[in-house]
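Quick heads-up: structures coming right below.
Look at the two complexes coming up: subunit A is in both, with subunit B in one and subunit C in the other.
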Partner chain A sequence: MSPIVEIEGLKRFYNTPAERVEVLKGINLSIERGETLILKGVSGSGKTTLLSIIAGLDRPSEGKVLVEGEAIAKLPDNHLSHFRGRHIGMVFQHYNLIEHFSVKDNVSVPLVPMNLRYQKVGQRVEDAMKKANISHKSDMLAARLSGGEKQRCTIARAIVTNPEIVICDEPTANLDRENAIKFLDILKNLHNMGKTIIIATHDSIFESLNFSHTVVYMSDGEIEKSESIE
Partner chain B sequence: MNPILLNTQVQIYLFGESILYIFMIMAFIISLHILLKWDFDSFSDEQYRLERRSYLVITILLFVFAVKFMLLPYFVFTIDSLNTLVPGAMCAAGVISANSYGLELLFVKLFVVFILSWWLMINYYDLQAKNYPFFKIKYGLYIAVFVLITLELWLDFAYFGNIDIHQPVSCCSALFGQLEGANPLPFGLDTKTMLILFYSIFVTLAILILTKQDITALIFSGLFLYISYYSVVYFFGTYVYELPTHKCPFCMFQKEYHYIGYLIWGSLFGGVFLTADSILCKKVLNVDTSKSKIYGLLLITVFVFTVSAVVLIYRFQNGTWL
Partner chain C sequence: MLNRVKLHFLALSVFGESSRHLATVLLSVLVIFILSSVLFISSSIKYTVTTALENEADMTVQRVRGGMLAQVPLSWEKDIVNIRGIDSVSPRVWGRYFTKPKGKSFLIIGVDFLDSNANKALSKIVGSTDLKKFLNAHNMLVSAKVKSWMKKRFYTDSYSFLSADGEFIKMNIYATLPKNSDLLSNDVIIMPIDDARKILGIKEGYVTDFVLNVPNDAQKVFIEDKLSSLHFDIRVVSKKESLAAYDESFNFRNGFFLTLFMILLATFSLILYQRYTQSYSTQKRQIGIYRALGWSIKDILTLKFYEIVVIILGSYVTGVGLAYIFVYIANAPVLRDIFLGSGNFSPDVVLIPVIDFSALSSIFLLYAIPFVASVLIPVWKIAVSDPKEAML
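Showing the complex of A and B:
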């Protein structure tokens, strides 16, 4: 089976009047279906930029990025949004929840463009909240949730469309240790469900992951090394 | 300086058209570059840059075209408002015939709107696909549009700059009244035959669109536009003005007639252009345009109902025909 994400010669640079800032300097990476990949590196190493390009939130300056066999960087905006909605779930560091919406409503937002029947939406939202262990707070406003609950709410929102790929950007950066460990448990569930998980982090707690995964070390826009951990 | 060029509405109009033209020059230069260098299969820095610039061009053109569509009725409004400055003019008919550029400008404007709406439709279908299949047609057409719009802008300045406010003009009463006694209708038609043709062509066009006989529908939409012009000026318009001798395509844009001209001519040209554009798109791009053809037919139906309603309302209010 072909890899779910294939990256060849990926470069991302920004031109300023004074200089050209190279954020990614020719990344080659292949991620298999169902694999969990941890991108590690210090701030500014290019982890978030790489995630954003895989998620179709940013476009490369050069190089090929195939996700599910689709050259996502070349898709027109309307197709890209559709692709993202169907295949990719995002967990952001700062949650990006709509504060004055309830948990249930926040989780249902990605389903809006899918034109599903009301009953089906309710069923999917309920299911996603259960998997993310947040269904007991379904009617509470997002603004009133604790950090850990907000994170679980974003996970429910990320998986409600049943995407093949879940992308997490510094997911534990704002969590205390107890909630971070709970987050790892949810990750394990997602892994067992066969999801491909890509995480950018510099949190050492991911060293305690107790299922097979790959760690890719990034430094100054390049991949330094990668290791598979069983 | 020509006092016409000091008129506020003319200044706004010419300023608006000039600003849009500057945007179009920018889009034209980038388009040429894109057309020459485009290679969709490449993942190079240059190709990604061209794709981003292509979005920029599309955004510029969508903005420019939206404003140009609004500027067409504003142009009619502007020339209509100049009737107080041009001796002998009572409406836009007099002002437009103040020099030889006027009618040429009007025809070029209508043709530009037709081509622009076709470009918009091609752009829509191009963005519906994943790999820009109509990219070359779209940008090639834009280059042709740019040449047309250059001509239009030149005509804009030539027309407004050459209106002589000391030279009396013939307005609708003289223009359309000078044929008094002679038959103004094409092919020696009388009014009754013209009306039978008008409604017959409408029904035939509707059937052709619904049964998807595209080429014949395209020919009939052109025929319908032609017969509709004469029908509105020489029959339906007289009911708008409630005066059998008042035969003018422009006075109905005025406040006294509740600006109904915008609805009548807007729905006619909108409907015919949309239908023709849809058929052209289907033939050239081989895409399904049945929905937009139906919208075109709906607009044409609105036009037919509006002009028919004007006559019927007059008949019921006054108990007689004109």
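Showing the complex of A and C:
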């Protein structure tokens, strides 16, 4: 089977008034279906930029990016949004929940543009909240949740569309140790469900990940090395 | 279109974020309330005045002596009747009676028992009241407002007028005129012509003026000229002129209020624009999140559009509804005085509901367009840029 994500010669520049900043300097990366990939690197090494490009939230300046065989950078907005909604689940560092919505309404956001029946949406939301272990707070406003609960709400929202790929940017940065360990358990569940998981982090807690995964080391917009851990 | 999921989401976005929208909604309701109230009052008054004038005679013949209105000799009647094309000439005895020491004034109208025309009109007003009986004694019919004014001064069944000769003439309050919303007849007192003459000091053989009709519109100018040349001291006022005079005063007011509208709307748009650009970064973040979660630009613009439509329609209906209640049910306290002045009996006028749909819809457009623009344009600007924002 072909890789789910294929990246060749990816470059990303930003034009600031003073100079042209090269944030990604020729990335080659291929991610297999069902693989868990940890992107490691210090802050500023380009991890978030790479994730944004894979998710179609940012566009490459140069190079080829195929996700599910689709050259996503070339898709027009409505197709790209559609693609993103169906294939990619996002977990953000700052959770990005809508604070004045309840947990279940937050989780339903990715389903709204899909023209599903009301009952169907309810079912899927229920299901996702169960998997992310947040069902018991389903009617609580997002603003009232603790950090760990917000994180789980975000995960439920990321998997509610049943995407193949789950992308997490610094998922444990705002969690205490206990919640970070819980997060690893949820990751394991996702892995067992066959999801492809891409995580950007500089948290050493991922060293205790107890299932097979790949670690890719990034530095200054380049991939230094990658290793498979069984 | 909107399915149940989207409706639910729309409701969440509008009402869940009520704190963000509340100030906007209150401001909108206030602006629309003021604009509609002003509109309701002015269209009601305009309607009342024009219909009242429309019912008036085509021309009024007066006499001017030394530049002042003077009593008209009854003998003019036959000269007027002689002009062809003139219909139903009637002499009128009436005048404004100013109470002492100061304050209100009444419009005294004398009615001739022998004048069949006047009798017909009067029996229409008085209805069941027996005319003959009324006209044979010192009786008068007063408007409700006049009656309550008199009652306050303990004139419960009669009122003594100080006549032109300096003697008191006691008139019985025979009945109250049917409650009339007519702006122009609020301070009216109707009494037999002889009593009216005595009080107002109009000599036998003289009247206040003549009114007449000209059925053929094409002849009006010609007849006006003809009348004017009858006597050196004659003065002819046509209905067209009085309508124009009223119109002018309304146009003046409308111009004034148009300026007010514009200032109000400009301020309103400015405040709105500021509100929505101040929340720019919040908006940007939220839109970035939606897009990262698979919403297209169109999905976001559609949601925001419906959000605004709900807010606009909600505030518009509320504002207009409140204005309707304020003007037509509560009779527009305070604002009515600005329009009618607080003199005499006019502030007690009942405002008849008149709805000017074209003006209401222009208020709607003037309100909705800047609103939609000041909200949707920033949203659109955000939505079309790459949504990397959510990642930061």
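Definition applied: the second predicted complex is superposed on the first by the 230 of 230 C-alpha atoms of A that agree within 3 Å, B and C clash if a C-alpha of one lies under 4 Å from a C-alpha of the other, contacts with A are read in each partner's own complex, and residues count from 1 in each chain.
Operating definition for what follows: contacts are C-beta pairs under 8 Å (C-beta built on N, C-alpha and C of every residue); 3 or more make two chains touch, one makes a residue touch a chain.
Since the model is a prediction, treat every value here as computed from it, not as a measurement.
Trainee: A:V121 contacts which: subunit B (first), subunit C (second), both, neither?
Mentor: second
Trainee: Is A:R144 touching anything from subunit B or subunit C once the two structures are fitted on A? First, second, both or neither.
Mentor: Neither subunit B nor subunit C is touched by A:R144.
Trainee: Contact-wise, after the overlay, does A:P113 reach subunit B, subunit C, both or neither (first, second, both, neither)?
Mentor: The answer is second: A:P113 touches subunit C but not subunit B.
Trainee: Between subunit B and subunit C, which one contacts more residues of subunit A in the superposed model?
Mentor: Result: the larger residue contact count on subunit A belongs to C.
Trainee: When the two structures are overlaid on chain A, which partner does A:H136 contact: first (subunit B), second (subunit C), both, or neither?
Mentor: It touches nothing on subunit B or subunit C.
Trainee: Now for A:P60: first (subunit B), second (subunit C), both, or neither, which partner does it touch?
Mentor: First partner only, subunit B.
Trainee: Which partner chains sit in contact with A:N78 here, subunit B, subunit C, both or neither? Use first/second/both/neither.
Mentor: Touch partners of A:N78: subunit B and subunit C.
Trainee: Given the touch rule stated above, what does A:R157 touch, subunit B (first), subunit C (second), both, or neither?
Mentor: Second partner only.
Trainee: Between subunit B and subunit C, which residues of subunit A are contacted by each of them?
Mentor: On subunit A, the overlap between the subunit B and subunit C contacts is residues 59, 77-78.
Trainee: Under the stated contact criterion, what part of subunit B meets subunit A in this complex?
Mentor: Answer in residue numbers: 40, 43-45, 48, 51-52, 55, 127-128, 130-132.
Trainee: Applying the document's contact rule, which stretches of subunit A touch subunit C when the two form their complex?
Mentor: Against subunit C, the touching part of subunit A is residues 48, 51-52, 55, 57-59, 77-78, 81-82, 84-86, 88, 90, 92, 96, 98, 100-101, 105, 108-118, 121, 157, 161, 169.
Trainee: Could you list, by residue number, the parts of subunit C that touch subunit A in their complex?
Mentor: Interface residues on subunit C, with respect to subunit A: 3-6, 8-9, 12, 16-17, 285-286, 289-299, 386-388, 390-392.
Trainee: Which part of subunit A faces subunit B closely enough to touch in the complex?
Mentor: 8-9, 11, 59-64, 71, 73-79
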